[in-house]
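Below is a structure I'd like to ask you about.
Letters A, B and C mark the chains in the order given here, with residues in each chain numbered from 1 onward.
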Amino acid sequence: MADIRLASACVRTADVNPNRQELDNLVTPGDIITSDTGFMRGHGTYMEDDRLHASVAGVVDRVNKLICVRPLKTRYHGEVGDVVVGRIIEVGQRRWKVDTHSKLDSILMLSSVNLPGGELRRRSEEDEKMMRHYLKEGDLISAEVQSLFMDGSLSLHTRSLKYGKLGQGTLVTVSPSLVKRRKTHFHNLPCGATIILGNNGYIWIAPISGEENEDSAGGGYEQNLEPVSRIDREVICRMRNCVLALSQNKMMLFDTSILYTYENSLKFSVSFSFF
Amino acid sequence: MADVLLSDAEKTFILHGIQDNLREDGRGCDDYRHMEIETDVVSNTSGSARLRLANTDVLVGVKAELGVPEPIKPNQGRLEFFVDCSANATPEFEGRGGEVLATEISTILSRAYDNPNALDLKSLSVIPGSQCWILYVDILLLECGGNLFDAASIAVKAALFSTKIPNVSVLKGDEGQMELEISDDPYDVKQLDISSCPCLVTLSKIGYFHVVDASQKEEACCLARVIMGITQTGLVTALKKEGSGSLDPESVFDMMETGKKVGEILGKNLTAVLKEEAALGKKRKLVGFLR
Amino acid sequence: MPIDTRRITGPETSQTPYSFCKEPEKKALLDENQERWDGRSHDQMRPTFLRAGVISQAKGSAYIELNKTKVICAVYGPREITRREEFSMKGQLTCEFKFATFSCQLRRQHQPDNQEKDLSIQLLEALEPAVCLHKFPKAQVNVYATVLENDGSALAAAITCASVALAYAGIEMYDLVLSASLRLAGDIVLLDPSENEEFKPQMDLQVNNGSLTVGYMPSLNQISALTSSGECQLDVLTKAIKLCIENCQKVYPVIQHCLMKSKNLEE
């Protein structure tokens, strides 16, 4: 009920895995990467006195002539086509501002969402007034990065039926670098939960919904607020804890790794929490 | 407080989970998250403790100083609580941002300790009416992950447990004035009896049910909570309703019942773990702030 | 502590001369016949005087007198929020609880001390559940409660007084908030304690020694404020809360009547 332990008695991750591979190409800001001028300067580096220095702490990455430093911990750098999970934080003029764990707030234009009543409908003034009705502050969405603005902020779109407002479920935030880029980031896992691995490190775990009524009048904005069954809930809890466990041990997240963790965790009771 | 935004559907999910007695992280309604505690972490203090309750991180330092007792309690020492909401925890605390929260935590703590049985303040008196020990209990919030009240009170109790106050002898000087001689032997110290110090237990009402140790997400779903100061023997030393909602009398009684039950266990477990640490003595491995 | 440049402050610390008396006069809680010093029975409240509409310029106001405890309360608004932070369709309620500098045995400072800040929050949290905040979006209502003379149960008096002032101001409310307080001392339960009956921590060791204040909404049957200090057993406290609620229900018609009468006087 109330479990208190001594800090010294807790097992540290480093103790568990002593023979973890040490990375040899780690650099800190200011480190000279190379004095060879034949290379091209990428992200996380700067040039001074004809020498290439690192500007962030991280791992040196070389692709042909291009040298970049991938930071250890970073906010999300968006790329066109990425699947993201975001939270609406502001309703503005014909646009929503969305928190996607990137440096700047992302933008979701009214013109790049599906509205009830078919895809090819014109956006009327009426729709503008109804914006808070569709998505309001705090709502979660899944979306795709449509384009990048000059300042690096993202423009999102939800113009596909797989994107849109998210219903019941739980959100876990991990470092974006732990989410493995795959062909698909939407998974209906066989254990009975659906998971969206946002490229931005926001991970959405929800019960598997029944067959979506594709041309429903709600357009995906109506939410099912019926209680989730206890069995589904346990699966979601367990998966949440699995994702957190993986993230705490800096393991890459993708469907197989999560599923394996899940299966291995079945011998423990669900009521164990890392966070 | 550092609030998190939640959508209506997420709130519904949390609410139904509590109805099922299965919370988002797999806990039941009466369960605390795991806690890690360590005492004597700051060498410049008379006593200190650091508590980590999931993402909530609290550091408490106790400093004992000689000062003047309050005129209405001339033969007692003093106990003062200060809370510092560090901007390290969240940028919202910058400047005066955390002031309201800080006052709330310090007032409820001083209220919970404000009874003659909680801590023997008479033993802190040096010369009645003119000199006494003042215990400055400074609470530093390093990270906010929900349930700050409980975490702060547990850390305070642990810090008081580890507090060592040097022994003082009063000598009659010439011409009748008093002279104090403070022992500089680190082993010539007295320790406080914390067996009846209270811990705070916060019960958050979410939907028709209540939970202990609400996470940040759960706090966002909660409109009214009851904070109780509970001693190990189950006595209630402080009671306060907090939040913008109101509560049914019956549910208040239910919550108090749970609070007492959980508080007793919490206090006992804490004392046990502190004794365990003290028993380790020099063999103790200091963890400090490395994680 | 910031310095208030507009006032000439007294010396930084000062003390009442009474604390230097040789033997501070220690009055027992009850007299030799186990009666209260002011002649009330244990479960008897002090005679209450309450009137709404005492400050003509405020939107609403009320004055309450429990023998020597006197609280005046003013309500301003709804009016535009000066510093708006986030978009919200809810109105804002602010409360300030202030002891007049001369109201207590010891002199108080102009600047709110910790106790006053704490009481302000408690007053706010007692009233907030009762006010229909969604009825005045983007606007704020300010409640100011000033204790003119403190002879115990000041918070309870202020809660009742402020809710009457809010009702008188025509602010939409779900219910009135009434409040009662009591003192526990062993087996003795004293309703509506006066200053020297209130719980003070330096008193002798004893279990079930403490005081309790409850704010209650009678028609909704909801507790909106609950605060206790001192050390009590759970069942004793539960019984005490019930007693407070009972008492709030008892005074409810009287308060309603008073509000009606004040409104009639005006029209």
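To be clear about the criterion, contacts are C-beta pairs under 8 Å (C-beta built on N, C-alpha and C of every residue); 3 or more make two chains touch, one makes a residue touch a chain.
In UniProt terms, the chains line up like this: A = Exosome complex component RRP4; B = Exosome component 7; C = Exosome complex component MTR3.
All values derive from a computational prediction rather than experimental measurement.
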By CA centroids, point me to the most central chain in this structure.
-> B
So which chain is the furthest away from chain C, centre to centre on CA atoms?
-> A
Between chain B (Exosome component 7) and chain C, what's the gap in Å when you average each chain's C-alpha atoms?
-> 27
What whole-Å value do you get for the distance between chain A and chain C if each is reduced to the mean of its CA atoms?
-> 50
With chain centres defined as C-alpha means, what is the inter-centre distance between chain A and chain B (Exosome component 7) in Å?
-> 36
Note the residues in chain A that touch 2 or more other chains, in rising order.
-> 137
Contacts with 2+ other chains: residues of chain B (Exosome component 7) | none
In their shared complex, chain A is touched by residues of chain B (Exosome component 7) numbered 5-10, 12-13, 16-17, 19-20, 22-28, 30-38, 50, 52, 54-55, 145, 154, 262, 265-266, 269-270, 273, 276-277, 280, 284-287, 291
Give every residue of chain C touching chain B (Exosome component 7) within the complex, in rising order.
-> 15-16, 19-20, 114-115, 117-118, 121-122, 125, 128-130, 201-205, 207, 209-210, 212, 217, 220-234, 237-238, 241-242, 245
Residue numbers on chain B (Exosome component 7) that touch chain C, as the complex places them = 71-73, 76, 100, 103-104, 106-107, 111, 114-118, 224, 226, 231, 234-249, 252-253, 256-257, 260
Within the complex, chain B (Exosome component 7) is touched by chain A residues 1-8, 10, 12, 87, 89, 137-140, 166-171, 223, 225, 227-228, 230, 233-234, 237-238, 240-241, 269-273, 275
